[in-house]
């Protein structure tokens, strides 16, 4: 619905807008269609096209049947969903608490802030991380995929900046009404920051969903592998350095199967965003301030 | 009841610790889980970076590997390829900043101006999909369309024209890199700006429109300022991380355009260290990068303060 | 994925031209390694008896060929090898298998072994990191596959520190206690010798190096793939490249390797009359090959996009006429995609029709699997396991390891060849790949569905062997090569690719060569020359 104060755009402006957005959408949709088409293509289609297929002439679900017919894929999806859900929940809780606590001038606020910013610059090595995970007894446990990723400095900084932008007068008046810091966070800061919390949650979710290297290092039991590891084994197979170099020659997986894995790894996470969009509505602050 | 205003006033003055504790204990409690995570999963393991001053061998461990002082850093400094990689990295980072950084902001503004909710949702959902495709696939898809044997060049050939080396010309490589980045991540990066736009007070638009401010003036005076903090924040973060321009994207296209254009610090480190199992060189490069990043971050943050922005780290009492 | 392939071209030292592979596999301490290796008595070679290949193998590397799987498979071990469970780190090059608990084939293997074989299955990328973390955390499994040249340096001291010296159990006639290990060839065993000690059983792969393969349907238009001069090849490529079709796969370094053979370039190092060494890059032959490759590139006969992940489907459908693969047995990869297609293998020829070409043999193994330090009883148990898993083609143990149980994971087809069932196709590939990479018998040629292919591949191998050349430094060790070799090779190859694709002029070659020499190349030469065995002949041509 067009707000009453908003004028009708000129046809020229509208045309440019349509062109930009339409063009952008098109360049994205076509390649993704190619990926999907290829996942549905028959072997014949793929050989005729020499790889990627624009439109399968004999569409088949064979690739998906192979994928889910046995092996690890079904389980891997469950693992990924679990890690993503639990990981995002924990990470959001930890990050929100820390970002809120450091968004005001409080005791230990500055040193803790510095502590987090420092993590933007340096990274612990693979081996020390492995030793730590082992010490904690997390090897071969899904927690080894969740806990090390529970606080991202980038997400922290973003969240904190938004928290700092919450009008001070609001917090002030809440305090005058006797609200505790916990209450202020829950009743005022969070509701006002729904959009950014949704965004940071999405960032975390995508991070957990896409992670694979920790799984390779920390999980020996293949039944606990997440989707991304499976994805890589399918897509890399037969093209890997070692396979080539060693002359081990497993034939590479059919292109259709590779693309089917790509699609399977894409769909669940792609479904998240539309649900989050409802939090992207305006005017919340106004209401709150006025109310 | 006086707590809040007291906190504000006394932040500069400094209370006795006990008083601060009484005032802030809830906030400190909120910090504990995060700090714990940092200690366990960052600060303890990050000490392992001392291997940068060693000739580290996994079978000996940190305790028994030989110390070699600054040798790993000297090796880095003495290698001309390192400086070439640094130059490429800075050039690519500059091009990315100039040409990529504004794109998601522009997209967010356009999307925000859409009246139809449904259109807006559709576009966002489509635009963020490519973020989930791996670089391998992105480069492959670009090659399918723009490569020497790709769709566009085959069309050109059919039309009797010469093919254009989009994917193999080292001189235009930075543009190609940006194009790929825009395709893959512009829609994704747009999300955070859309979130920032939700904090705009709609009544401001109404009032401005009533005062006769047109579309552009409203955008300039209301919409953009509301994005300012986020833009500055992301800019600072990007500048602090300027020595990383990506890894996979470059290693995948290194052959096509040659290392002269595509060797960046991360790929250099990969070949110089990781490939030969040289953990120490990798750690040394990481430390050097971190120190430079710290300086840049500090510089960018100070600049932000001058411009009246909070940045990511505030001066005491600010 | 593409990066990995590229990575191969850079550091991987595409099997046949590698010096570093040899260095890693055979090397060890910075001093005395090679000498000690010379004094060691290798395990006695005793070929497995009771198998009758249709085409016999030979010491030269010729692989025995089987037209069908031997009927009534015989047993090669007397008793199940294990008394308790064993842990092992290995890598799969197929998709990972269902875990032991839900994998009947794995369970069947366990009961045949007499104990649980608990595999930690790594994947690529990530294997060297996994290896290093296990090593650093001192949580070694009983067995750890040690790949050659995969970013695991200083193998000598590492083995001494953490792994078991097996010399007294395997050297000379001691190996005869494990007949399947005794059936591994001496050339394979050299891989597992470091610092004059034996550290594990080698894992043989094909002894053949890279070959060029072409789709005969495509090449028929120009009179076939085989050529007798470089000019003829050039003309054919030119004719085949038009529209959206191209003659050659864009794997520059691999193609260059093929051209080098036509121009008489050595396999790694050339041994001169005075027994001094000249490296591949220093020879005029290789330089000429680079020039030739640049000429082909300029003529636009290479597929124009360098990072092509998988050329095989394009070779099958004719978009690309020829590509480089490893070993003549790779014809099977094309059969997989198109059952009607048997690709041609290029036999090297002299560039001017007169000069003698070379054919570079490969490394021959995929490394070895060392044991964690342990006591004699356990060592014997693990050796028995190695023996079981190295059972030759055609034995009962080979069937259980590769095909599972008849009626469950495999069935016999009309020709009595084992064929995986649907269940087998789910349970086997990842598991078999993981087992094969840690233990293998000597390789054979076997194409159950296409016995004719076996005959043809056998013939191709005989032709290639006429020109066969081995890297003279294989089995000796240079400290510098082990440390700097991969980096130097990578830098030089960068320049070569630049030259071939026209980004740099030919005069960059000499500058790059100078850097290679001063950066460690000359030192490598000295070190290799000092330990060059007298048994290595002067390089012909």
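To keep things simple, chains are lettered A, B and C as they appear, and every chain counts its residues starting from 1.
To be clear about the criterion, a residue touches a chain if its C-beta (ideal position, glycine included) is under 8 Å from a C-beta of that chain, and two chains touch if they have at least 3 such contacts.
Quick caveat, the model's predicted, so the values are computed rather than measured.
Trainee: How many hops, at fewest, get you from chain B to chain C via touching chains?
Mentor: The fewest touching-chain steps linking chain B to chain C number 1.
Trainee: State the chain with the largest centre-to-centre distance from chain B, centres being mean CA positions.
Mentor: That would be chain C.
Trainee: Please work out which of A-C and A-B is bridged by more C-beta pairs in contact, and write that pair.
Mentor: A-B
Trainee: Express in whole angstrom the distance between the two chain centres, defined as the mean CA positions of chain A and chain C.
Mentor: Each chain's C-alpha centroid was found; their separation is 39 Å.
Trainee: Using the average of all C-alpha atoms in each chain as its centre, how far is it in Å between chain A and chain B?
Mentor: Averaging C-alpha atoms per chain gives centres 16 Å apart.
Trainee: Which residues does chain B have that touch at least 2 chains other than itself?
Mentor: 58, 136, 140, 279
Trainee: Listing for chain C: what residues touch at least two other chains?
Mentor: 1-2, 7, 132-133, 136, 309, 319
Trainee: Counting only residues that touch at least 2 other chains, which ones in chain A make the list?
Mentor: 51, 127, 131, 235
Trainee: Using the touch definition up top, name the residues of chain B that touch chain C in the complex.
Mentor: On the chain B side, the touching residues are 57-61, 81, 136, 139-140, 143, 147-150, 153-154, 157, 163, 167-168, 170, 248, 251-256, 258-260, 271-272, 274-279.
Trainee: Once bound in the complex, which stretches of chain A touch chain B?
Mentor: Those in contact with chain B are residues 1-3, 5-7, 9, 17, 20-21, 24-25, 27-29, 31-32, 34-35, 51-52, 93-95, 97-98, 100-102, 104-110, 112-117, 119-125, 127-129, 131-132, 136, 147-148, 150-151, 154, 156-158, 161-162, 164-165, 168, 171-172, 175-176, 178, 180-182, 185, 194-196, 198-199, 202, 206, 210, 235, 262, 265-266, 269-270, 273-274, 277, 279-286.
Trainee: Going by the contact rule at the top, pick out the chain A residues touching chain C in the complex.
Mentor: Spelled out, the residues of chain A in touch with chain C are 43, 46-51, 69-72, 126-127, 130-131, 134, 213, 216-217, 220-223, 225, 229-230, 232-253, 255.
Trainee: Within the complex, which stretch of chain C touches chain B?
Mentor: Residues 1-3, 6-7, 9-11, 128, 131-133, 135-136, 138, 151-154, 157-158, 161-162, 243-244, 246, 252, 303-307, 309, 319, 483, 486-487, 490-491, 494, 497-498, 501, 503 of chain C touch chain B in their complex.
Trainee: Spell out the part of chain B that touches chain A in their complex, as residue ranges.
Mentor: 1, 3-5, 7-8, 11, 17, 20-21, 23-24, 26-28, 30-31, 33-35, 37-38, 40-49, 51, 58, 107, 110-111, 113-115, 121, 123-134, 136-137, 140-141, 144-145, 183, 186-187, 191-192, 194-203, 205-206, 209-210, 214-215, 229-230, 233, 237, 240-241, 279, 282-283, 286-287, 290-291, 293-294, 297, 310, 312-313, 316-317
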